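Each of the next two complexes has chain A plus one other chain: chain B in the first, chain C in the second.
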Partner chain A sequence: MAAASGSDLSSEMEVDAFRRLFPLHFHERHLLKSIRPDGRTLGKARDTIISLGAVTSANGSALTKIGCTTMLAAIKLEVMTPTVESPDEGCIAIDFHMPPICSPIVRPGRPADAAPVVAKQLSDTILRQLRYLWKNSGMIDLKELSLVSGKAAWMAYLDIYCLDADGSLFDAALLSAVAAFSHLQIPVVSLNDEGRIVLVSEDNGGGKLEKEPVNKEKRKLNLATIPFSLTCVLHKNYILADPTAEEESIMETLVTVVLDSSSQLVSLYKPGGPVLAHTSAIQDCVALTRQRLKELQKILNEAISDMEVD
Partner chain B sequence: MEYVNPEGLRLDGRRPLEMRQLRAEIGVVARADGSAVFEMGNTKVIAAIYGPREVQNKSQQINDQAVVRCEYSMANFSTGDRMRKPKHDRRSTEISLVIRQTMEACILTHLMPRSQIDIFVQVLQADGGTRSACINAATLALADAGIPMRDLVTSCAAGYLNTTPLLDLNYVEDSAGGPDVTVGILPKLDKVTLLQMDAKLPLDTFETVMQLAIEGCKAVANYIREILLENTKQLEFRRGV
Partner chain C sequence: MAGKGAATPATYSPSLTTVKGKKKPPIFADDANWVRSDGRHFHQCRPAFLRTNAVNSASGSAYAEFGNTKVIVSVFGPRESKKAMMYSDVGRLNCNVSYTTFATVHRNQGSDSKELSSMLYKALEGAIILESFPKTTVDVFALVLESGGSDLPVIISCASLALADAGILLYDLVAAVSVSCLGKNLVIDPILEEESHQDGSFMISCMPSRNEISQLTLTGEWSTPKISEAMELCLDACSKLAKIMRSSLREPLSASEE
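After this line comes the complex of A and B, so read on.
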């Protein structure tokens, strides 16, 4: 910033003051030069990190960072009785939490406005894909979570905690959810004499041979297609990919595009806002998401192969 | 159940007077004024400080000192079985209160009148000793936020099982039903600010167990000082002094 205005340390304070007093001007001055205050070009997303297996007390977990936005997702599995309508399907429950540590705006006792919105979007994206699945089109086949038809199935609780909220919350949350599902390791279980499901512990597997495990082969979920998303901010004629919290608060028109791994559109979300977008702008957003999709796929695959090496 | 085997090892392979592996990191939440992660073995806690800032609820404002608030919460996936408790159950309210009062004792609140300091702690993984881990994380985060304090507060627990005093109990040992003494001290001033125990224990044994916990606190204090020193060196380096 200091370099842009060609000033020394003493006038750096002035830049800071300008940024606080006239945030819109400050950002527009940057946009004129096709650059953003953190040094990114308009269409570039922040550095993204995925690390799998961050929570040892869960069956599957992932920590993702997009710039400073940090999400911790973990899945815990429980055995449940499936519903009468779908006797051979499991169930997935998704929760998104924004504890007060994540942002100075969130107050204790009062949930953040953004949290239920993101939670709804997430369960729509992940579960809607499931509901309307015709062969091989959903992310997860709920039938894979079945153990004994009509008797027992897995209930997967996915909890996502936002540890640091710095914009593009939905993107980070979806990425961490997807990563946690791809890390999920289903424990081996068997039926005991009373017909109840018990866990087979890993260490004394030799002594328990008389009880045949119910799910010997089903230790990992098959993720047929994986959704990835990108949030863009529209401001005048500019499209800014992956906004920070500051950019989101100044320029209020957000567009979130979700594509699956074969670049098919999964969902599009533009919750109003002062900018009325042309179709071409939306198409530009989709094109940006397509680029981002390739990056994210690469990062996710690297994280998975890193874990397999360990 | 045997918590200390004849060779003198505990369930997780530690000696009775051995602490779990400590790990800490400062500055993990970018937008907070101060933040830290603290790990004691498998217990992992993240703390963030916001403030000193304007008092949000004006009726709580105190004219000659700062208001300290604390919220403790556990992630749903942090325990063995998934928790299904409402957010503000009795246990977390109690721990919030304990942490708040412990930290309030060492913050120089009179230097920041009419302001508010928020301490938020979130348990990511729970394996016994969350109370101690939260206090240690909060201390680090307060130091990172640059809030004036009399001294660091450090905390550690000790127990007494199979007629052996044990340092830094994990979840299995904690839930064995024996005494669990949580101590918080100001290490430089050598004063105790927090002492909790809810079980019967003969007075002379109590003294050895408490002494053990205090030794644990001092070890934690040394570790925390190392981390802070390392962090300060890095800050100095970045500033190019």
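After this line comes the complex of A and C, so read on.
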């Protein structure tokens, strides 16, 4: 048995070699002492950084880092003709990219396996519009993206790029998406004679405008509720918050909990895995996410207030 | 009228209001008093910001920011070549350059750039000691986060820094600089706006400590004296850029020693 031989060899082997040859055993020996190889306790997430406005060519953007996992999200606004069914609603298109720079397993021309999974989770979380139950339960009211009813509305293209993949991709991607939306600045536009939407340039704002702007001032989106998430790895009886790529690859059972700002459950993913979690384990994951929610809210608010000072 | 039945509505980004009878002022005038839109002199490069070790999961990486041009390059390997590859007693280099969807002013599909990929390959090929990693491949992947002009020279410089960070043996760092010809003037390190109005462009990638040029491209109409002027400008800028690149390689080392 690998584990048994691992324990015999561990005393006479170098740490790095032991880590590579018996990764599971290496991690389990750490878990016995309630610590992880990077020095964290089991329930602690990695250091998180948010910086807003990283991309100048976009209307809203944010760079987030959770440990080494780095995400860059940018929103570009374009004008579209709304559909007949919802003439006064805009639209949001979400895309998640894993370019080959982010990880040794992604090669050009072949999209990473994880990318479509994260993309689906993201659009489910952000676009959850329970249209037929009650309106505006989602994070963004699509009506705020309307310009001229039935004629023009904003199409928000949200593109999230993973620049460095080191585990908990969904958490970092969701955080960057939320931060980009809170940074989004909607430009002032007006309707010209040909029925097209044009930008109102800021320098002639003092002079007399030919056309009244459609939206009066640079508006920000009103984010009703903000979703935050935490991914945990389950292994035997242990719950490890915010796993690295190494931990994710060794201990395969992941649970992702998404809560909104008022601690209500938005979604919960447990895509199979060898560990069959007890309800108590799931409750522990939710409790960890509730703690993490407060941390993330604080970091996001600090990033926003830093931006306003500048 | 609204929503003519198309499933995916066609979108456009709103353009600036153009007042009739008033043309957009030309970005350059032929007189000597003309200043560049970012306030630089003709022969002044944008401030360069370079950092190594930008991507933790790569063997080596670098981030470069020249004005609004922002590039990340990751290097992977030397690692096993693709199964289909024949045996080779020298190493292989594989380059790929892609753009993000928000890199340009108008949103694009964020596709790979075949042209830039092969230009990058040709610029780096001569600088790498391929004999040092037989049978294996080194992958150089670049992602342009934001395109602000002079993309290729920035990608090349950033990529050679990433290769050095990955510990790949190089003859020398490759520094690349481009010059645009606008009317009678030569402007170094052009921004996007200047590039779109240029009459000709000139780019050199070189290894300054060996005085060797790995790539030289020239487009448009050039007179011989103009070419030698551009060449001198570029070579001078390359050697200065190489010094900045070298110091950015030393930075993490000196930090860890302290």
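Simple rule for what comes next: the second predicted complex is superposed on the first by the 286 of 310 C-alpha atoms of A that agree within 3 Å, B and C clash if a C-alpha of one lies under 4 Å from a C-alpha of the other, contacts with A are read in each partner's own complex, and residues count from 1 in each chain.
One rule holds for everything that comes next: a residue touches a chain if its C-beta (ideal position, glycine included) is under 8 Å from a C-beta of that chain, and two chains touch if they have at least 3 such contacts.
Computed from a prediction, not measured in an experiment: that's the story for all the values here.
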(request) In the superposition on chain A, see if there is space for chain B and chain C together, and answer fit or clash. (result) clash
(request) With the two complexes superposed on chain A, say which partner A:T81 touches: chain B (first), chain C (second), both, or neither. (result) second
(request) Have a look and say if chain B or chain C is in touch with more residues of chain A. (result) C
(message) Between chain B and chain C, whom does A:N301 touch in the aligned arrangement: first, second, both, or neither?
(response) neither
(request) Please work out whether A:N222 is in contact with chain B alone, chain C alone, both, or neither, and reply first, second, both or neither. (result) neither
(message) By the touch definition at the top of the document, which applies to A:P187: first (chain B), second (chain C), both, or neither?
(response) second
(message) Taking the superposition on A as described, I'd like to know which of chain B and chain C A:C102 touches: first, second, both or neither.
(response) both
(message) According to the stated criteria, A:V198 is in contact with first (chain B), second (chain C), both, or neither; which is it?
(response) second
(message) On the A-aligned overlay, A:Y161 touches which partner chain: chain B = first, chain C = second, or both, or neither?
(response) both
(request) For chain A, give the residues common to its interface with chain B and its interface with chain C. (result) 55-58, 61, 68, 70, 72, 74, 76, 78, 95, 97, 99-104, 107-109, 157, 159, 161, 163-166, 245
(request) Note which residues of chain B are touching chain A in the complex, please. (result) 28-32, 35, 42, 46-48, 50, 53, 56, 69, 71, 73, 75-80, 82, 88, 118, 120-122, 124-127
(message) Can you tell me which positions in chain C touch chain A when the two form their complex?
(response) 1-4, 9-17, 19, 54-59, 61, 68, 70, 72-74, 76, 79, 96, 98, 100-105, 107, 110, 112, 139, 141-143, 145-147
(message) Give the list of chain A residues in touch with chain B in this complex.
(response) 55-58, 61, 68, 70, 72, 74-76, 78, 95, 97, 99-104, 107-109, 157, 159, 161, 163-166, 245
(request) Name, in rising order, each residue of chain A that touches chain C in their complex. (result) 55-58, 61, 68, 70, 72, 74, 76-84, 87, 91, 95, 97, 99-104, 107-109, 150-151, 155, 157, 159, 161, 163-166, 187, 189-190, 192, 196-201, 210, 245
